[in-house]
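Across the two complexes that follow, chain A remains constant while its partner is chain B and subsequently chain C.
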Partner chain A sequence: MRTLQAVLLSVALVVLLALPRVLSQYHVTLVLPALAYAIALLGYNLLFGYTGLLSFGHALFVAIGGYGAAVLSSRLGLKSFELILLLSAVTAVLVAIPIALLSVRYVKIFFGILTLAFGMLFHSFLFKFYNLTGGDTGIRVLRPTLLGRAYEDLDKTTWLVGPFYYYCVVLLVVLGFVMWRLVHSPFGLHLVATRENRRKSEYLGVRVRFFRLIAFAISAFYCAVGGAILAINTGQADPELAYWTHSGDLVFMTVLGGFGNFFGPVVGAFSYVFLKDQLVGMTQYWRFWLGLILVILVVLFPRGLAGLFERMWARLHRSTM
Partner chain B sequence: MSTLLEAIDVRKSYGDFVAIDGISLAVGEGELVSIVGPNGAGKTTLVNLLTGLLPPTSGHVRFKGQDIAGIGPVMLAKHGMARAFQLVHIFPEMTVAETIAVAVVSQTGKSMRFFTPVRKDPAVNQRVREVAQIFGLERKLDTQSRLLSQGEQKLLDIASAFALAPEVILLDEPTSGVSSGDKHGLMRNVVDAARKAGVKAIILVEHDMDLVAEYSTRIVAIQAGKVLADRKPDDFFNDPEIVAAIVGKRVGRLAAGAA
Partner chain C sequence: MSSFLDILIGGVFHAAVLFLVAAGLQLVFGVQKIVNLACGSFYALGAYFGITAVTWCIAHGMPPALFLPVLIVAGLVVGLIGPFIEALLLTVYHRDEAFQLLLTFALVLMFQDVLRFFWGADPQQLGDLVMSYGRVHMGAIQVPTYNLLVIFASIAIALGLGAFLQKTRFGRILRATAENREMSLALGVNVRWMYASVFTLGTMLGTVGGALVVPTAAASLDMPVELVVEAFAVVVIGGLGSMRGALVGALIVGLMRAAAISWYSELEMLAIYLVVIVVLVARPGGLFGKPLE
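Let's turn to the complex of A and B:
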């Protein structure tokens, strides 16, 4: 299984790096949001899959990433993408801490509702404070420099599917690696213990609330990075980023890919973006079909696409032994 | 004998209801103290007070001279006291090795390591194997806890508490849900393990008087929130009044057995 994982990962990486040479520009711009969501969901799943806390408000942190990129680039004139990412993500963490302090005392539906409420609060803030946030039109996001390079000779799309695309792939790999180490660290082990049996983990010396708080903060960091990429891709940060249906999309993607598997969220992000693109092109009732697919998946394959693949692999492996 | 854990005139009341009405007791090194009493006598409340889960209304609870009243489970583990529950508490999706590792990681102060793979930590691995071996779980290290038999889950629950390397361990009816034939085996296993693991004292809450008689060095009988008797097993079982009060109908058989 380990070698298989390594092979699959290498193949996936090669495919990702080769895509701009194979696909049309339009299709590559589709991969960008998939990369953004993959990053956001890796963080989201630390909270959902590993810690067992289902948040319905994480679009809030995606929006902080998006608006962070917007405010920093077009209002404050900051050019460096690295600084924009860092400042937006740190802001998200700072906002996440008080929210987490209140929310992590609860689990299940209470945690879900609280996070949903905070998300909706933030959405109204973005929507109503017109002078500050641009209201429903939002704020423009200017093209940042990547590692100090402006690429002024490239037009917007060429820049997006060129340097920016590769930058995001590298970000996904780096942040994915960091997350991999996190969930396999002693910290990750204790997080899972809190999910599995709170009382028992406390008696084994696990500081449940504190660890949930850290997981929450890390998830906010990742979501903000994803949000910044999303906003740069569209050139705009608008309140839709923080809307509760967007939080729902995050949950949808994670369940679609499989929250029980480390790579599930990444699989979910890519499948969702392409599924949605296909369905939107075919029918105006795409939300209905997406919903139907989710229902079928949850009933038949509760472990998501990644879980389905795992099972198929196990069966194949057994039959060839 | 040096005192490890002591309760001094501890009271706990909920409104008008007095659950624990001035209990003092001490547990010293080398002891296995059984707490017995009829249902509703206040055993559970007493245990919750002794383990710092509940703060007493008045009185003191000290562990190695430090006040531990109401400190909560996490700090309790840090101080060196472990507790296993009557009902099996496991991490269903975790393997046996991972479950034990949770305790080892806390005990070695490694829980704030975010970037080192816990599976590749030789110190943790070795300790996990040691603990598993003591409880005969070494062949099941990679088995998911939910797939273990009821008895094995019980063992794992207790083993993970032992993995904290506690000085005192509190066992709340460790043999409940275990068939009567296996009860002695389990108790012997636990007592042996405690000796090997360097546990200095065991507090046992138990209904089964055969086990209490066989393994205790001292028996504390609780009735209506007070200490009715605090004696060595021989003295305890030779006092018909106490036996009648605590053990009730089982007097005849036990008294005959102990006499």
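Let's turn to the complex of A and C:
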């Protein structure tokens, strides 16, 4: 399994790097949101998959990333993408800490509802305070510089599918590696322990709420990075980013890919974005089919695509042995 | 003074409708322990179906003044989709809450397009039928009689529901099942049947609520997703699973919304979520809910 994972990973990376040369520009601009969601979901799954806390409000942090990019680039004139990412993500963490302090006392449905309430609080703030946030139209996001380079000779799409794309792939790899180390560290094991048996882990000296808080903050960081990429890709940050159905989409993607597997959320992000694109192109009733797929997933394949793959691999392995 | 009365009547009207949806949510959560995100979709379904039913009836020679009973019947009839939805939820009763929530989220997505398929993307309205009932003068203000009728209808349903849960045999068994599922199973309660009927009752409360609101407001595709968060606010403030909580929560949310709209409209939903958060932090179980572990 280990070697298989390494092989698959390298193949995936090569494919990702080669995509701009193979696919049309349109399809590459589709990969960008997939990369953004993949980053966001890696963080989200630390909370959902590993810690067992179902948040229905993480679109809040995606929106903070998006609006962070918008405000910093078009209102404050900050151009450096690195600084934008850092500032937005740190803002998200600062917002996440008080929310987490209040929310992590609860589990299950109460945690879900409380996070939903915070998400909607932010959404109505974005929606109603027109002067500050641009209301329902949101704020434009200007093109930032990457590592100090402005690429002024490139038009918007060429820039997106060129330097920006590679930048995001690198971000995914780096943040993915950090997350991999996190979940395999004692910290990650602590989180799983609190998920599996809260009382027992408390008895063993795990500070459950503290660990949940940290996981929450990290997930907010990742979601904000994803949100900034999303907003730069569309050139606009609007309140829909924070709406509760967007949080639902995040959960959907995670389950689609399989939250029991480290790479599940990444798989989920890519499959969701392409699935949705296909459905939107085929029918105006794409929500119905998306919903139906979710029903089938929940009822028949709760472990998602990654779980399905694992099971097939195991069966294949047994039959060849 | 007149603006205060306006807010009061407007708020209570909104609360009356919210209560119906929230009561459905509470019933289902109380018994099945499932938080149904699709309650807003039922509400919208009731609204759209109500419009169609009334339009059809008037086209077939019904005097327009009879639209209120038609709306109620339409709500009850379309609520009969309840058992079918419940049959789907059956697959996740013993699963993790994440899956239960996701399944109802999938229903929200699907219903969105079902509504779009049958009624189109444009908001639908019932015209000014409301005025056929005239207005009532209350001191300095005038209130459409229809709004008062809805408030009374909702109070009647609340009282009926209370009596049903407290006084009837079925209501007692229902509460017993909510309290302890295994024990009621052991005592021979047909839990399958109980779940299906409770879910249908909850669905009907939502669809009737939607049907009742439609003469005063347009039915649109945003309805379901917007109402869900309000209904959530109601049940969280009141306490999950508590009927009394649904009533008080609906009044709080309804009045606050009406007050915010007329005084400082930026605060409309913001104020409601703030109350939700304050309540959850100060009294995690809600005002009337059971305290958490």
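Here is the rule we go by: the second predicted complex is superposed on the first by the 321 of 321 C-alpha atoms of A that agree within 3 Å, B and C clash if a C-alpha of one lies under 4 Å from a C-alpha of the other, contacts with A are read in each partner's own complex, and residues count from 1 in each chain.
What we mean here is this: contacts are C-beta pairs under 8 Å (C-beta built on N, C-alpha and C of every residue); 3 or more make two chains touch, one makes a residue touch a chain.
Keep in mind that what you see is a predicted model, and the values were worked out from it rather than measured.
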Looking at the overlay, what does A:252 touch: chain B (first), chain C (second), both, or neither? second
First (chain B), second (chain C), both or neither: which does A:185 touch? first
Just chain B (first), just chain C (second), both, or neither: which does A:125 touch? second
Once the structures are superposed on A, label A:113 by its partner contacts, choosing first (chain B), second (chain C), both or neither. second
Mind working out whether A:291 is in touch with chain B, chain C, both or neither, as first, second, both or neither? second
For A:193, select first, second, both or neither according to whether it touches chain B, chain C, the two together, or no partner. first
Once the shared chain is lined up, is A:302 touching chain B (first), chain C (second), both, or neither of them? second
Count the residues of chain A touched by chain B and by chain C, then name the partner with the higher count. C
Touching residues on chain A, where the partner in the complex is chain C: 48, 54, 56, 102, 105-106, 108-110, 112-114, 116-118, 120-121, 124-125, 128-129, 243-245, 248, 251-252, 255, 284-288, 290-292, 294-295, 298-299, 302
Chain A-touching residues of chain B, taken from the complex the two chains share: 72-74, 76-78, 82-83, 85, 89-94, 98, 101-103, 105-107, 110-119, 121, 124, 157, 160-161, 163-164
Within their complex, chain A touches chain B through residues 181-182, 184-190, 192-193, 196-197, 199-208, 211
Chain A-touching residues of chain C, taken from the complex the two chains share: 35, 37, 88, 91-92, 95, 97-99, 101-103, 105-114, 116-117, 225, 228-229, 232-233, 236, 240, 265-270, 273-274, 276-277, 280-281, 284, 292
